[in-house]
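Look at the two complexes coming up: subunit A is in both, with subunit B in one and subunit C in the other.
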Partner chain A sequence: MPVKLQSFSHSGAILRNARVSIGRRRDLGVLPASLFMALFAVIPLLLVFLWSFYQRHGLWMAPPITLENYEVITSTDRLPVILRTIRVAVVTTGIALVIAFPAAYFFAYVANLRAKVILLAAFTVPFIVSPLIRLFALRAMLGRTGIVNLIAMGLGITREPIGWLLFTDFSIYLGLLASYLPFSLFPIWLALEGIDRRLFEASADLGGKQWHTFVYVLFPLALPGIFTASMFMFVSIMGEMAASLILAGAGKVLIGNMLLNVIDTANFPLASAISSLVILFMVFLIAAGEVFFRISSLFTPFNR
Partner chain B sequence: MHNKNSDLFDVRLDNVSKIFGKQYAVRDLTLSIYKGEFFTLLGPSGSGKSTVLRMIAGFEEPTSGVIYLGGEDVTHVSPNRRPTSTVFQNYALFPHMNVAKNVEFGLMVRGIPKSQRSKQVSEMLEVVQLGDKAERNVRTLSGGEQQRVALARSIITQPTVLLLDESLGALDEKLRKEMQSELKRLQREVGITFLYVTHVQEEALSMSDRIGILAAGRLEQVGTPEDIYYRPRTRFVADFIGGANLLTGIGRRVDDHRVEVRIGEMKLHVDQASATIHEGNEVVICIRPEKISLGPAAVGMENQMAGSIEAELFKGVAYQYQVRLSIGHQIRAQVPARIEGSEVLVGWNSSDAIIVE
Partner chain C sequence: MRYRWTRLILWVYTLAILTYLLLPSFYIIGISLDSSGLGLISTTPTLKWYARLFNNQFLLDAGKLSLTVGLATMASTVVIGLVTARAYRYLRRKSLFIIFMVLPIFVPGIVIGFDLIVYFKFLRISGGWLAIWLAHMLWVLPFIFIYLLTTLSSLDPNLIDAARDLGAKEWQAFRYVELPLISNGVVGASVLSFTLSLNEFIRTFFVQGINMTLTTYIFGFIRTGTEPTIFAMSGLITLLSLMMLALAALLAFTGKRKMSI
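Entry: the complex of A and B
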């Protein structure tokens, strides 16, 4: 056997974050998106705000500047619709978070890859069907002769068909949840996936019980996802028309329906005023979030 | 069950094995770590050293065997009920908390009153020299500072054993040297048993009271740094620590303290009283590069042969040479001064060579 001579040299490999740049002017990449948003999102927003102070003029609008549109909102039954929509949005978002969080937790920490794929499909495939069709299907299910009532009566839970299933607040909430639940699930899921698991080990290692880890580590680190989920839900519901149109009874309209009616009568200044109020409310929400929860700090990336 | 050796040992592993899938990560490991000791588990990646650490911390349960901490059987005890604390490889600091809150965490979950907590935290931060950084966001700290936060966060819980998982690995060379002495200082200051895991032999040699060498899930040797370095028991240890020269030949015991090893025509001698040598069997001898002399310095040494220099490497404090021996083998020699010419005399003393398994 020949003499074997070996030499190991263990230079402790130091892993460093390498920042790879593509081309020299990385910053230029943001230009198309910024231009697009400036042209087609920010300018219309400012126009809407400006128009809210105009007056009707034939089928269009014109100065002088006036507060008349805002007075109309407060003095007619427009305001209750706005407040009602906010209430519906808050409640639906709350319910969605309560349902989505445990599901997201399951996705992130419990499910294996196979279960993830199946669940992901279950949450996304229904969305290839038009929302209108889905909502009509829901209406058919919830009606007096719908499948829910048939089963309830068949099982003897009720003698008469249940009336409050359709054209009520219940059906609105159900319709909105059916439409938007995935939008609250995914951001929370992604936030949970992004948390370094070793932080949970560190918590346990330092003597933390499971609820300590949940309250002081997992939940705070999931907040960016929870906030994003809330914003998705909230913004969507503030502009929703279909669910209320198809599932709500008379007088149960949301802001979206009201806006459409106002635009139908060519009262663009009033429509602008209503929209401006909604925008102001959203800005107020974000500002409050910043003051009380320091939302902006949640978006700074975490060191791994 | 109370262990009779509990006064002596903080950590005791009794025949511990861990199987992942069908693979043994750790196999039949028996190991005792003394109270207040700085013990290092040293091994290449994949040797199972991190698994051992995770089993002691409670993140993994052994497939078989028993783990004692401070005399208590903790084999099936969850991590939050164990008197251990881990300094993770990436530190695992809570990114949403500032320095003080990170350090405070272990006290908070123990329900210690707020006023007492802040007092202990500021004391602890002084110990790790971060007193002025209490309110800083941990994300804005340098690697060395993060490391000190992680240490403070663990030590403040007064663990029986502090487990350090390649904790210096992410630091640059200079900082690592500084933190090595910092760690030693801290360990003396707080008097806690340290169990350090690393693949860097130089770290192990400079910091540890004792070292355990792991290879493929088995403990190869346990001993003081000097033991491990000068008296490696196995070929693996000799090679892994300091890259020793290994030569294989046919052994024969000459007398009570001398063994003769024949490689081809060449007869080498090794001073070794302990090893049992069966005549005619293959033995492996190990010679450290710095124990080999070249040129005039080799004159008069007990083992001598001709060699030719194939490569030279300046190492600062010494020169390292790759030498082709007349018997055909290549060795490494580390000498204090530069050697002129390429044909040299190579020599070493019989007492500087050892026989390894």
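Entry: the complex of A and C
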């Protein structure tokens, strides 16, 4: 049997055996996971979309098909919440990108391997350890008897405890950033890591100065990462309810809180409508990201 | 980099961000040791709140549930993740599949929680550990898949080929060659999945029915005011997660050096 010798790469050496007979097809392993995802991720989401057109029926819901849920969303009290959430999301994403980019640059080009492992693990902590606990901590820290005020008063900066640290927009931004900064760091770092270093050398050879190389070589190649980072942040903030609940008090609700309230009143069709909007927005973002920025390339491990 | 001070600035900058991110977690541990229970850092540390944790029956039940679901999630996601990651290599539409697998991460927890409640009611699995376990699997599987994909990418396929050439059957090659080489990654994935499951909150909150896990127990206190044992419990979970994370990070990157042929 002729053996293909043209490459010893992963796919080259092994792919020749990939399509033997149906019993030994090597990509069958994706079936369990695919089945699970289809069953519990895709179908429920499609159902939610379906239910958003139903009507409320006691504690449940049923046809006839109606658009009234979507009309309710654009009615008076719901729209400001959506707008506020979008505003908060845009601002927070912007700040997060600005803060995360230098750090991502650090991880990709300055840190050595050991530092990378340790520091990356450290960065994962906020994301993995329950956000609830951290938000609690933040509330304690920013309060009148919290550490921030203790230090401020101890250093003589203010005479009385600073009141605006908590229960304002400021605290929400702080809380959201604390929760989601790692989300914006990782995609940018992944993108930067994946750039072929020789491109920088090439640029320098062709006469590009450092700043020039940065703007015209590095930055465009980092765009998939930047887009993914924005996407992560946007979606997370749109689903966030804990931060606004814990740090902001009654007045400043986000879509997440609104959704929770709607669910509490068992108005499932309306909740489905809101969820569908969020999901549609997310699907649109993912599609745009894949088409324009090829974001799926970020998740595949680099071939050594 | 051309200028040494640029490197220094970046180091300081990154460490500063890290401090900002880690501060709340460590602050919680600090508060939990305070004897007054008012959320201050005191000079007279005490472990009494931690001791009180063990008297609370609700808490112990919640802890049991969290641990059980955590272990179940760990077992199921690592096995499924490994099988999927190994098969991924031979897949034709790779990018499509990756997006498909990573999808749940991009859907906000509340949306998933809500749609799972209704869906589960439909399927008559509402409430109970099965629902929580499925919800956790949905949350954890994408991460484990990516993690194992990365682990497998450092596995030299020539070693497997060599084993096969020397007469090993397929399962033998897996058990005696591949498994030992990726064992670090598998252990790391197990640790990661357990930690993720332990800390998951929003989806659990929706699908749990009358049960409670540790995280939803904490959530109950947002509305009813805080109690000092909450800080102790949070401190415990944080410490546990920190240790496991350190372990997972170490295991992800160390391990038997792959030998090149």
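Criterion: the second predicted complex is superposed on the first by the 242 of 304 C-alpha atoms of A that agree within 3 Å, B and C clash if a C-alpha of one lies under 4 Å from a C-alpha of the other, contacts with A are read in each partner's own complex, and residues count from 1 in each chain.
Criterion: a residue touches a chain if its C-beta (ideal position, glycine included) is under 8 Å from a C-beta of that chain, and two chains touch if they have at least 3 such contacts.
Small disclaimer: the values here were computed from a predicted structure and weren't measured.
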{"item": "First, second, both or neither for A:Ala271, with subunit B first and subunit C second", "value": "second"}
{"item": "Which of subunit B and subunit C A:Gly156 touches, first, second, both or neither", "value": "neither"}
{"item": "First (subunit B), second (subunit C), both or neither touched by A:Pro64", "value": "neither"}
{"item": "First, second, both or neither for A:His212, with subunit B first and subunit C second", "value": "first"}
{"item": "Which of subunit B and subunit C A:Ser236 touches, first, second, both or neither", "value": "second"}
{"item": "Partner with the higher number of touched subunit A residues, subunit C or subunit B", "value": "C"}
{"item": "Touched partner set for A:Ala202, first subunit B, second subunit C, both or neither", "value": "first"}
{"item": "Interface residues of subunit A shared between complexes with subunit B and subunit C", "value": "8, 10, 14-15, 300, 302-304"}
{"item": "Residues on subunit A engaged by subunit C in the complex (per definition of touch)", "value": "8, 10-11, 13-15, 18, 25-30, 32-34, 36-37, 40-45, 47-48, 51, 99, 102-103, 105-107, 109-111, 113, 117-126, 128-138, 140-141, 143, 145-147, 178, 181-182, 210, 231-232, 235-236, 238-242, 245-246, 256, 259-260, 263, 268, 271-272, 275, 278-279, 282, 285-286, 290, 294, 296-297, 299-304"}
{"item": "Residues of subunit C defined as touching subunit A within the complex", "value": "1-2, 7, 10-11, 13-14, 17-18, 20-25, 27-28, 31, 38-41, 80-81, 83-84, 86-92, 94-104, 106-112, 114-116, 118-119, 122, 134, 137-138, 141, 145-146, 149-150, 152-154, 157-158, 161, 195-196, 199-202, 215, 218-219, 222, 226, 230-231, 234, 237-238, 241-242, 245-246, 248-250, 252-253"}
{"item": "Partner subunit B, residues of subunit A touching it in the complex", "value": "1-10, 12, 14-15, 196, 198-199, 201-209, 212, 216-217, 220-221, 300, 302-304"}
{"item": "Residues of subunit B defined as touching subunit A within the complex", "value": "44, 57-59, 78-81, 84-86, 88, 90, 92-96, 105-106, 108-110, 138-139, 153-154, 157, 169-172, 176, 199-201, 203, 239-240, 243, 245-249, 263, 282, 327-332"}
